[in-house]
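Notes to accompany the following structure.
Chain nomenclature is as follows: A, B and C, assigned in order of appearance, with residue numbering initiated at 1 for each chain independently.
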Amino acid sequence: MGCVQSFRELCDRPKNTNVRISLPAVCIVWQTAMIILFGIFIRYNEESDAHWREDRQKNNLSDIENDFYFRYPSFQDVHVMIFVGFGFLMTFLKRYSFGAVGFNFLIAAFGLQWALLMQGWFGSFTDGKIKIGIENLINADFCVAGCLIAYGAVLGKVSAVQLMVMTLFGITLFAVEEHIILHIIHAKDAGGSMVIHTFGAYYGLSISWMLYRPNLNQSSRMQCSVYHSDVFAMIGTLFLWMFWPSFNSAITDHGDGQHRAAINTYLALASTVLTTVAMSSLFQKHGKLDMVHIQNSTLAGGVAVGTAAEFMLMPYGALIVGFCCGIISTLGYIYITPFMEKYLKIQDTCGIHNLHAMPGVIGGIVGAITAAAASESVYGAYGLKETFDFKGDMVPTRQGGYQAAGLCVALCFGVGGGILVGCILRLPFWGDPADDNCFDDEPYWELPQDEESTQPVIQYNNHMRNKDIIETSFNMQQS
Amino acid sequence: MGCVQSFRELCDRPKNTNVRISLPAVCIVWQTAMIILFGIFIRYNEESDAHWREDRQKNNLSDIENDFYFRYPSFQDVHVMIFVGFGFLMTFLKRYSFGAVGFNFLIAAFGLQWALLMQGWFGSFTDGKIKIGIENLINADFCVAGCLIAYGAVLGKVSAVQLMVMTLFGITLFAVEEHIILHIIHAKDAGGSMVIHTFGAYYGLSISWMLYRPNLNQSSRMQCSVYHSDVFAMIGTLFLWMFWPSFNSAITDHGDGQHRAAINTYLALASTVLTTVAMSSLFQKHGKLDMVHIQNSTLAGGVAVGTAAEFMLMPYGALIVGFCCGIISTLGYIYITPFMEKYLKIQDTCGIHNLHAMPGVIGGIVGAITAAAASESVYGAYGLKETFDFKGDMVPTRQGGYQAAGLCVALCFGVGGGILVGCILRLPFWGDPADDNCFDDEPYWELPQDEESTQPVIQYNNHMRNKDIIETSFNMQQS
Amino acid sequence: MGCVQSFRELCDRPKNTNVRISLPAVCIVWQTAMIILFGIFIRYNEESDAHWREDRQKNNLSDIENDFYFRYPSFQDVHVMIFVGFGFLMTFLKRYSFGAVGFNFLIAAFGLQWALLMQGWFGSFTDGKIKIGIENLINADFCVAGCLIAYGAVLGKVSAVQLMVMTLFGITLFAVEEHIILHIIHAKDAGGSMVIHTFGAYYGLSISWMLYRPNLNQSSRMQCSVYHSDVFAMIGTLFLWMFWPSFNSAITDHGDGQHRAAINTYLALASTVLTTVAMSSLFQKHGKLDMVHIQNSTLAGGVAVGTAAEFMLMPYGALIVGFCCGIISTLGYIYITPFMEKYLKIQDTCGIHNLHAMPGVIGGIVGAITAAAASESVYGAYGLKETFDFKGDMVPTRQGGYQAAGLCVALCFGVGGGILVGCILRLPFWGDPADDNCFDDEPYWELPQDEESTQPVIQYNNHMRNKDIIETSFNMQQS
């Protein structure tokens, strides 16, 4: 810890937020690298290749049985969650909406390319090529989601270059962790409670801990919302909330698997809304609702039902999961976030600990229990085998253990990876803002004139005309 | 009427908007009840159950023939309409956007759970269980839509607790009414012109009549929009408008039924936009357009084509329906809403009478006429039977009569149910705002700081005008 | 040119923005004409007609093989792009959001009806009837997109009546041009780089050139954004960006065609974001990003990959296209738009030259090259034939030539049509705003009260603090 401390001091230099060289360099170089790597490695898979027409006829398939038609509607919904959902959810700060939605856009667009490569190398690398189709696009979006969650913890305190670095490493770690959990341990995690949410949240929280700013209160005037920024954030909340059933069902098994995952998620989310409202009202003076809770905690049920959504969780099971998560997440915003900031030195701008970390862990546990409790009477002999991809003499109880092991892996990768990447991000040349300049778009964006110091004057001169008022007062007083 | 009047006086007590006990209590208790009832009654249906894999193989079906793939894209569109469409449509008030989008979120999340139970008991209750699949989720969203329409009439004048009560009864009445219309009378109503819009609108209007506030003009400073709140409302309008073809086709017959319903709705809505713009411009000074009309009346065609969308209405028929509704709805905003407020004592915040009530009734009538005019030459012998689910010696003209009967049932349930529930909502302990405190988020939401301390100053200067400032300066200088 | 000049002078009369007669007249008369023409010409096609049930059984098809299920999810995404995407993208001006989203709504709703007729007469007119299904709806939306692109060039400078006229002619020209390119020349253009973007952009730019306003700087105070209007515009940007894969794949061949088009577009767009950010940062003082670039240039990759999206462009090919377009489009905003305004007298409000014209032309060229380079080894013998609809002894190199010819046709129709329609729009009775009244909703919309006279007062007191004003007046009077 002393070492970490001295490293911290080493890094505390005067801040220069000019990224005119570093940001273009990172974007151009990395994008060029992507083109080269895609040229070497990435090709269309069987179902998106022009040869499919012949294969289809040979196999006597209908066009509609192309995987595209099973997955595309869900893919587009997930895509909306990534770009509009995550982007707008973070617009709540009064003067950081450009950064929220713009940097989210940037790192997601980079991340999905890198994810296609990383996930491809680990998952579908055959004959020297990665063959991609619609399912790979969904998985790339999922992978990006992990990094966007992490962005929530450091929102307003880092530069775009830091976010790019964070995304590069985040995607890399994600792909490794995912491969271990899904393909080595053989845990199931369709909606990514462990793989996406637990990993992403602890990755972000660890980075935030490494980037701790003792004097962040110098920016506290900016760390709040205004009326319309809260309404913008509700756009993000609602698109996440509405499309979460697509998120959790996007890569589950065709047929009943996707069907069941959508139903479970729909129900868990509905339940969460009610308990979130209840807690928010109960713990505020005069019973007034807090927009922070409504914007965030209402989503916790979707996170927590991610792993078990494709299992026979039963509708009431989904409701119970949502019920608990709404309560826990809201209490987290009220009690745990301030505690973490004060005592653990973790400054979590969006409260991702309450929205992703805790519900993600709960989701992992629910998944383990549900898997361990699976039985042929509930699933049918064939259904049991297929739902869990059981091979050989695998039994549900052992699957439950594997699920728990998967959760631990996600936690370790999140915390460990975050500390490592946090170290890198503390280096003094990334262009991050000074402590009194956080949560502000000003250092990184050309702002519309009216929004800086000039607007009042402009407006004033425009419409009221200084002179007139003064003259009027002068005249009045003369008479 | 004397009795109603005295009951009204009985209820006029000083207002206390603190819902710190009642709102959490309602949310927690009702959500707990949902979990218990779901535990007892609700299970996955055949196509979302893990046993489906075996059934599928036995029946030689492809995975893609799971109902999920027929309905899921439409379901997600409907979901967006419910939460973003209805929610944002009501954000037009300058200081009630949190309540519009937040309470809409709350009551929809509760309503869909209760709807699954209520509609299940009436519709698909077998062997003591309700089996749910994607179609049930759509129907639950539809059921919720009825209550959200009703919310439009009382927007800004009720508390969240009242909305929850209104939803509980609204869903209950809806399920009964829907069962009578669709399964006893055997009327067809795929897009819910009668079942959803007519019922929902008259339910809301009757409640609003029961909750009449003679001194509501004390809040008139809040009952208007600002520039950006009108833009937010356009988000709601457009998502409703764009996805309405999904709404009307979501539960129609597979294949040509869904296809035709989407086409008819698309055309009716396009036609409505033009006549709405025409009327709005024609009846304003200087031909300026009014955002209220653009936000609302452009949707009337979708409402009015709901019942007949799945019939062979013909493309020009859809255009005619839209044409008429755009005119009627816009004239409603200009003439009927003020008339209703002044003479009928119905204060209809969002003008649901123009957007849902009148077009809903028109839709019911159009449906009756189209059904009565159906013939084998137009539908084909098999198509006619299947489109209308004719059993035995049923003939189109009789079906037309049944449709008309269905409309009457919807009207009766709406008006009757609304008066009943309005009585309950007049009780003095629901936490509704005082007459001078309506259309304001302040009583129920923690507002961002900038809106509290600075805004009063704004208001003050607004209302006090220049002269006061000047006088102040004069006085200061005197002393 | 002298003739054009004198025509210009002829048209410069004092402006009257009252459209109380002309706008309603145009809307009502044209909508009535639509109803009559639809009554004469438009019927359901085979798959949306009630007879389909019998045909289906005869042909042993599954319900899910109705074209509706192949196209409907993409259709709804395209629909969102047209109404929310284009509409909100143009809301960036500080006081023209009503006009942006409202007039976009109006002309799209009219345009799609007229497009169904025009495209029907040219494309699917048999036995005196036009038979429509889901693919026609998509094509109508595409056709409308061309006119909405053109709207971007004249945003804020024309009246709703002018826009209606522009749409009437635009759709007509589009349908002819499309027929020539796709059905006479037999070029392929699934995503419409040539047919939609090149045509639409040059159509708009030519009109803007014809409507050149030398004194437009009188409105320069209004031709800028405010913070929240830029956030609203990001809603448009993101929905366009996210759903562009649906746009480019909506009418491609079933199966691998749609699958591949979606993948290519997804990748091209991702790549564009990075190079746009790089250029925006590199060419600004202090490396700050400019919202104009983020809102617009990030979309250029989707435009440029339109023609080739369904071909075997290869994933790295898509990335390269996106890479180049991000750079070119951003540089266009920085250098070409000011140049065009100063020297070519083309005032392009939204910069459609950078977003649609240049990327559209690039897309046409990429399409020609990709087509010319096609081979049986890459596509398979059957795949090659089917992808390009080769008939007889057609070969890829010749197809490449046809593609290039198609691009020229689009350019000619755009420029020629725009000049023609620009002449018409210069007539003095269309109600367009005066030079000092552009980019303002005030002439055409009833604005909320607070935004006119009162807001300046608010701003003033907020930011300058009363005391200072008073002191200033005091001091002035002392001296």
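By our rule, a residue touches a chain if its C-beta (ideal position, glycine included) is under 8 Å from a C-beta of that chain, and two chains touch if they have at least 3 such contacts.
Note that this is a predicted model, so its numbers are computed, not measured.
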| item | value |
| --- | --- |
| Rotation in the CA alignment of chain B with chain C, degrees, nearest 5 | 120 |
| Same-site or different-site touching of chain A by its copy chain C, using the half cut | different |
| Computed distance of Cα centres, chain C from chain A, in Å | 32 |
| For chain C, residues contacting two or more additional chains | 62, 64, 69, 73, 228, 235, 457, 462, 469, 473, 477 |
| Chain C residues within the chain B interface of the complex | 17-21, 23-25, 27-28, 30-32, 34-36, 38-39, 42-44, 47-54, 56, 62-64, 66-69, 72-73, 76, 79-80, 83-84, 87-88, 91, 95, 97-98, 101-102, 105-106, 109-110, 112-113, 132-134, 137, 160, 228, 232, 235, 443-451, 454, 457-458, 461-462, 466, 469-470, 473-474, 477 |
| Complex contacts: residues of chain C adjacent to chain A | 62, 64-65, 69-70, 73-74, 77, 94, 221, 224-231, 234-235, 238-239, 241-243, 245-246, 254-256, 258-260, 262-263, 266-267, 269-275, 277-279, 281-282, 284, 286-291, 294, 298, 312, 314-316, 319-320, 323, 378-380, 382-384, 386-387, 455-457, 459-460, 462-464, 469, 472-473, 476-477 |
